[in-house]
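Order of writing sets the chain letters: A, B, C and D. Residues in each chain are counted from 1.
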Amino acid sequence: MAWIYRYASPATFYPVAGVLAPWFMAAAALLAGLGLYIGLIAAPTDFQQGDAYRIIYVHVPAAWMSMLIYIVMAIYAVLYLTFNTRLSAMMMNALAPTGAMFTFLALWTGALWGRPTWGTYWVWDARLTSELILLFLYFGFMALNAAIEDARRADKAAALVAIVGVVNVPIIYFSVQWWNTLHQGASVSMTASPKMASIMLSGMLVMGLAAWMYAIGAALKRVQTIIVEREVGADWLRRHLGDNAQVGRVA
Amino acid sequence: MAASIDAGIGAGLEVRGMHCERGQRVLIDALDFDVPAGSVLTVVGPNGSGKTTLLRALAGLTQARVRRVAWRRVPIALRSAAWRAQLAYVGHQPGHKDELTAAENLELACVLQGGPAEPADRSRVLDEMGLAARSQLQVKRLSQGQKQRLALARLALSQRSLWLLDEPAAALDVQARDLLATIVARHIARGGTALIATHDPIDLPGARSAQLCLGLAGALPPAAMHAPAEVLAAARSDVR
Amino acid sequence: MTEWLAMGGYAGYVWGSYSVCAAAIAIELWRLRVRRLGALRAARIEAEAGIAG
Amino acid sequence: MSADAVHAGAWAGLVWALRRDLRLAARSAAEVLVVLGFFFVAVTLFPLGVGPDPRVLRLIGAGVIWVCAMLACLMSLARLFAADFADGTLEQMLLSEMPFGAIVCGKIGAHWLTTGWPLMLCTPLVGVQFGLDVTEVGVLLLTLALGTPVLSLIGGIMAALTLGLRGTGALLALLLLPLYVPVLIFGVGAVDAYSAGLGIEGQLSILGAELIVALVGAPLAAAAAVRIAID
């Protein structure tokens, strides 16, 4: 298991993240461009919802990412608590803000899509309600992380919250699903819209990929910052800053 | 390597390759030391040199990497129940509840640390500590000195073989310091072992003791075992 | 072009969603940059202080 | 340590912690009464806010009582570990031979007996305010009996995680209330189903399942959380 410590040390990962991040950002921009073209221009107007349905090209990818990022955070949490590799904790913390942003976007676009389609901004639909509770889980994670000064204890506590949270996400989703069907009967759920034309589906998948690339890119950039914040006294950082100072370029 | 008096007396605690960190700073790195059974290791060093961290790491309260720990030559894991059954740890905090009476606190502590169950032993120790008259009073009504003696009573009742005492003499009045010395001496006489982190070492007549200096640059090899008098002299002069 | 912008009468909702998404990503990237430069500056100050100290 | 010695140790740890915390709670009974006082005040606010119309109050009764029970439980969670963390007794528990998970289980049990149980005793009084009839209050008590232990169990984890931090009130609420949602939904769901004349076995069995999962998982997670806090 020695290799895990060699590669997982923040010092060796810092330059790697620096090199990878721009590539992911470029991929995200490219895919987003393609996705927007498909979604906004190439895809036909939906005969039922008119052009309002085009919001799904951002709403659905955002919802996917909000769930995916929380699961990836929980995986890093498990890795950190078992292997004690500080880098997995840093990656977990680096992902949280981006995940919270995607959750907020999913709720915002969901509301704007609900208004023309169902006449109200907020629909107590099972998916939207679980999305809102997921947003609280993200805030809980970040609040606990910020409340503890000692970095190691903050990581461990936040990791435990992420794991307890991810165990509860399916329970919350199914209880909200049951609660929703009991009170309203089977209302039209958000994405069970008429059979998707293949071009619409591909638009959504491309935007989903773009969001994924962006999330990785943002996380890598943020993990670099976290590494610098945490390794302030370390000599590898001093040397690193030293070389760039002479060259005059911002590290 | 640390000298041990002679193999005759059973080997007590062996620690190899201990590594402790606090936040960013590496306090202790690759520390090896031995504490033969029936002896005292006094851990000295300036504040922030890792005395408390070392003791809390040994007690399993803080996380630390250690290559090997053996107790009476049997390798043991720091956070295992078997290890906890051997040790008693006294930290900076009082360790009793103000709302409960002295007797109740002792009773709870004895069950927790597997001490003697008979009330007779407890009342005998309360007598010795001069708390018999106030044993039914809530601890919050006791004076600071009496609270300190209650903590000593809890230690006196402990039957654990390895004691980890972190600055036990700090803020003790003269009378309490003598009580502490007799309790620790009695523990050593019974063949017990103790690690005491302190600024002013306790005067333990006749007990074999060694010294582990924790400098800010990490641990220095423990001084060879020698009569306690030299240790006390050395300790006072070395403390930076 | 203007008819495409009208989005079949739903311009407010569609562009409302897309603009907020773009704004959120822009804000996140900008904050990332600010936080990164702050961390690097602090590290550099610590490094000089370390050498001098 | 042979298997039955471990069981004996675990049971002894649980009983030790339970008796200790109940004695401590008895010594400072005010804390328990304060939590009940909060419960009463919070529940009484809703009719003042929503209006005295009995039909409306009957509809929202179970929901209001359940939410206020959750908030009351939240208020008293600090008592679970904070005092022992401050005076060093929590450390001594960690160092005991008895398994720490069992000790945490006993402490959470004592917390439930001093918050969940009294809340249930007051529920009939409060149910009258909302015009719930005797059988509906009975079902509500049943759901509270199954649900409030879960509040204490999951609450124990978060109370341990936020040990020693300042201003943990809001942080505890933010961490806990999302995790209380399933208990709330099925607790109130059972009462609503009963009032609608439907069967309540489904909701009660799910509440029971949540209780079992919490009983198994929460003490271990809380014990790990305490170790993290004391580290």
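Assume a contact is a pair of C-beta atoms (placed from the backbone, for glycine too) under 8 Å apart; a residue touches a chain by one contact, two chains touch by 3 or more.
Remember, it's a predicted structure, so these values are computed and weren't measured experimentally.
Asker: Would you mind checking which chain's mean C-alpha position lies nearest the centre of all protein C-alpha atoms?
Answerer: Smallest offset from the overall C-alpha mean is found for D.
Asker: Counting C-beta pairs in contact, which chain pair has more, A-B or A-C?
Answerer: Of the two interfaces, A-B and A-C, more C-beta pairs touch across A-C.
Asker: I'd like the Å distance between the centres of subunit A and subunit B, where a centre is the mean of that chain's Cα atoms.
Answerer: Going by mean C-alpha positions, subunit A sits 49 Å from subunit B.
Asker: Roughly how many whole angstrom separate the Cα centroids of subunit A and subunit C?
Answerer: A distance of 15 Å separates the two centres.
Asker: Taking each chain's centre as its mean C-alpha position, how far apart are subunit C and subunit D in Å?
Answerer: 42
Asker: Could you work out how far the Cα centre of subunit A sits from that of subunit D, in whole Å?
Answerer: Chain centres of subunit A and subunit D, defined by C-alpha means, are spaced 32 Å apart.
Asker: Pull out every residue in subunit B that's touching 2 or more other chains.
Answerer: If we look for residues of subunit B contacting two or more partner chains, we find none.
Asker: Please list all residues of subunit A that touch 2 or more other chains.
Answerer: Each of 152, 231-233 in subunit A touches at least two other chains.
Asker: Do you know which subunit C residues sit against two or more other chains?
Answerer: Not one residue of subunit C touches more than one other chain, so the list is empty.
Asker: Could you please write down every pair of chains that are in touch?
Answerer: A-B, A-C, A-D, B-D
Asker: Under the definition above, what is the set of subunit D residues touching subunit A in their complex?
Answerer: Counting only subunit D, the residues touching subunit A are 154, 157-158, 161-162, 165, 167-168, 171, 174-175, 177-179, 181-182, 185-186, 189, 192, 206, 210, 217, 221, 224-225, 228-229, 231.
Asker: Contact residues on subunit B for subunit D in the complex?
Answerer: Of all residues in subunit B, those touching subunit D are 59-63, 81-82, 84-85, 87-89, 91-100, 104, 108-109, 111-114, 138.
Asker: Looking at the complex, which residues from subunit A come into contact with subunit B?
Answerer: Per the touch definition, subunit A meets subunit B at residues 150-152, 230-234.
Asker: Which part of subunit B faces subunit A closely enough to touch in the complex?
Answerer: Per the touch definition, subunit B meets subunit A at residues 23-24.
Asker: Help me check something: in the complex, which residues belonging to subunit A touch subunit C?
Answerer: 40-41, 45, 50-52, 54-55, 58-59, 62, 97-98, 101, 104-105, 108-109, 112-113, 115-116, 214, 218, 221-222, 224-225, 228-229, 231-233, 237-238, 241-242, 245, 250-251
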